[in-house]
């Protein structure tokens, strides 16, 4: 089958600053793609353009052979692309279940104004879907906890869960492990990746920790100065001298920086 | 609750009936403010819709001589709703204090227009024809009761529908919008359109409230659009709290009661009384009377 | 009434609402009770000091005099027909909803026998249908709009004080009589019903009486605006010789201070239709030569009769300020109600509202403000003569006085029975008997 | 700024009663009158708005009780003038005494409110705090009745003794000129204080970013108290200087609140220069309306406000910061 996501010579400039330039990538369905690169290398810009948070200055983005360049993020979400965030974006005043349930209900409604009013939040299938996803991400015991009282790891899982509850075909994770202690990182990624496997979701994830990338990605894109300097299997990319010199070499520093940045 | 109040009516002294009628009419406006407040929005111009609903009723009766209470109330609600749809396109882009200020400005403009309209009696306003109910034209106590029941009926329907609305996606997306608009957008929902619907819902409720008030008072004037009127409604909203639908009506009732009591006992210090009540509520009942109701409920459930 | 009583009643009311368990009869007053009057006027807000308080004071002092039977004949019987009067004072402030609610409370909760009051025409218009519906005798004392008895005939609503039309008709007549050379006039009135109506009537009357005199600047500043700099300089650029204003109290005083500072009154004569209420406070701040009206022949404009001297005295002794027109209007209203009550009360039996109303219709009497005829509005609306005069601050006695007073007979400045005020003026004030 | 006045200017055509003979001279006269009146009114607006915008900028409190400060200032001033005119002291001192009295009242009131009530609600939702100040406003309305009674007070002496100046056909009240001077002084003072004094720099940091300010060891609570008291005194000052022009009576606060809100909303909440520009726009537009199309005077302020808010939701001098993910 053809690629689920295809990006052709994408470019984004803010005034004189070039945040991303001639990025051309295509991703086949159900692949797990790791994205590495120093801060400001254009990883988040890349993701923001695909999810419609930023409009590219040049180039085009195709999802399942439909062009989605410059569409508003909510439309793109409805097409089947969803994302998680560097800083978990959840609803602090609601419980985990409520967070998940409203996400599920939204995914189930028709987009119209009337759809919003006509769709109940606690419809049976919304509830089952929410519970299922909560189980899938193994945060069941927090189900009734208000989100503002959650430990960092669970916040992340909830954030990703809310992105997954609507059965997207493509998921973009922006630094899923940022702000997570080294020892928790692997468990978290295990949970997430297995969840995505079971739902057959193609995933692009930005990551600073090369071990995690090596462990969980089928393929790795290396960003530097707004463009892709290496693209291949984890081993290929990570062994690439340019990558060694420009990214993994400075890994520790950026990791530290990214922690502060997150 | 409404059934109970309805049944109680014949036993109540007339003055209580009329007081409750007006309180419950205003309760609808407050319910509208609750809808907005759940999403963290406060309108200091809700009197706009209140006034439009009232004038819609009064003018229809005046120009067409048509006096059926039920239809008039609907007309009031629809008129306000339509205005809300238009204003919503503008208002939905605003948040926090700016939302409050813009709505205030809009209601004050309506006030200005009405004051300028001498043909409608300017600030004196004009009286509203006595309503009929499917041809039945009651008087004195009977009229009072009829209006009372009408108000309760509309309130009950409104309360039920709003209850349903709160359980819908559009309704439930209040706290989330207050918490984190970006996430809402990335879940695939247009925050603007959700807020727009809230503005319209609140507008319709405001219009219905105004319509009922117009019939109950029998008179309309531009003061219904003045910012102090809006202030009063926000006051009650805080008093009631956004906790439950019923709270809006209880709060409104308490407010009318306190005001009238203050007028009766200390005619020159009623503002101070109201102010103190508001202050104490905020300090000691941050979630309003609603929270008390809820707590009692919970205790009840715990027992059973 | 005592606080305990009030409180218990409110507790009962509370129970009634929640438990729905209190019969309406609980509020019935015991037999042989005093006559209860509800007195409503502004006790708070901007209109309290100019109208509300003088009105309430007028009521207080008159009711005291009546209860002790000290009022001069024919008002010298105790209270109303021998029964003492108990007054309950209520604030008029608030929305129409509040005003109506409080009116109902007076009638249905406090079981008053009649209501006397209301200053804002808005309140009067809002209360009228309710009063009619509840069949309770209501006497408006200060509100000016003629619409009340023109919209439809009323049964239980009366107004002894004449309506606002005559203020402005008389103002026009006085201006033309005293200022021969007038070719153009301007107006500054508050932007609300009272101001708009006053100006409309004045312009209408001027058109009839002096068609060739034109109006120049027409200003309607916001009610309680406070700042009139722009208005004053607009008027300073005008060539008018006269300025009409129906401003009252706060706005009137503010405007006077501000125009004085810029000498507007040296360029044009100012006609103040409610000026009388302000002279005791403005004193030498008010320019000599200002034309002063007092909503009828009240205060210094009233004729020097025994009852007027009596009223002036008891009021001044108590409040050490002479009574202004709201006090007069209140007194007139109470005296009118008293006479109607006593005319209706046969053999000491307490008359019903209907009996009093029938007796009230078309009644005539002489009060502190002169002779009242309930002549129009189907006998529900009083007309009196009115008077305008020219202001002068007496430097020797250090007190205000109003000189070269012109009196206009009631029939000269009021529409005849059965004709709407606006229509009457528009059609050239036909049937006005002046001489 | 001009574009907001379009309404007024466009209607120049329907100017009522322009004598055709000297219409050009008349136009000049009108124009100059509009300018001077606009300035005077703007001065008034700025004086009442500056305290409001300061408090909002620093504390994010939309202070409805500002109207009460104005009222108390006016009553205080009126009382002062009363006392003063009974004693026989030099004329100029009277004005000063009046202002000081007004500000003293503001000072006391400010301390009581901030320490007594606001302290308890810091950290609550912005809107809740607005409601708190609304409650305070209601209470203070009646406190006025308790202290000064329902009757109104006059304090015209300072204005009348100031006399007037004639410039061509224009007659200006010297007191109005003083008002403009005071407004200008305040503006300059505020600018200087914010730019060059320690407290001012503290304020600007707090306005810019409360958290960082606190992090850098700024005593935010202290800044708040100080700000609120200063704001209260400015509000009272507004009442004090206006007292001679008006009858000091119940309910004068209500009008001022909405006026000040409008001005501040137009200029941008929390921005001093915004308040200044907002006051000028409203002042000039209103004066133009009164001179050229009196019919619309009532809407001008809200019209301009709505217009500005539609074009610039956060007012002329405040930009919305876009949210980051």
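Labels for the chains are A, B, C and D, by order of writing; each one numbers its residues from 1.
Keep in mind that, in the parts below, contacts are C-beta pairs under 8 Å (C-beta built on N, C-alpha and C of every residue); 3 or more make two chains touch, one makes a residue touch a chain.
Everything numeric here is computed off the predicted structure, so don't read it as measured data.
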Farthest chain (mean CA position) relative to subunit A: C
Most central chain, judged by mean C-alpha position against the global CA mean: B
Rounded Å distance between subunit C and subunit D, as computed from the means of their C-alpha atoms: 35
Distance between chain centroids, defined by C-alpha means - subunit A, subunit B (Å): 44
Whole-Å separation of chain centres (CA-atom averages), subunit B against subunit D: 32
Touching two or more other chains - residue numbers and ranges from subunit D: 141-142, 145, 150, 254, 295, 298, 325
Residue numbers of subunit A (touch at least two other chains): 89
Residues within subunit B bordering two or more other chains: 115-116, 182, 268, 270-271
Of all residues in subunit B, those that touch subunit A in their complex: 165, 167-173, 175-176, 178-180, 182-183, 185-190, 193-194, 196-197
For the subunit C and subunit B complex, residues of the former touching the latter: 3, 6-7, 10, 13-14, 16-17, 20-24, 26-27, 43-44, 89-91, 95-98, 100-102, 104-105, 107-109, 120-122, 125-126, 128-130, 133-135, 145, 147, 151, 191-194, 196, 200, 223
Touch list for subunit D against partner subunit B, complex: 62, 117, 120-121, 124-128, 130-132, 134-139, 141-143, 145-146, 150, 254, 258, 261-262, 265, 269, 295, 298-299, 302-303, 305-306, 309-310, 313-314, 323, 325
Subunit B to subunit C touching residues, read off their complex: 4, 7-8, 11-16, 18-20, 22, 115-116, 118, 121-127, 130, 139-140, 143, 213, 216-221, 223-224, 229, 253, 256-257, 259-261, 263-265, 267-268, 270-271
Footprint of subunit C on subunit D - complex, ascending: 16-17, 19, 26, 29-30, 33-34, 36-38, 40-41, 44, 141-142, 145, 150-152, 154, 156, 159-160, 162-164, 169-176, 242, 244-247, 249-252, 254-255, 286-287, 290-291, 294-295, 297-298
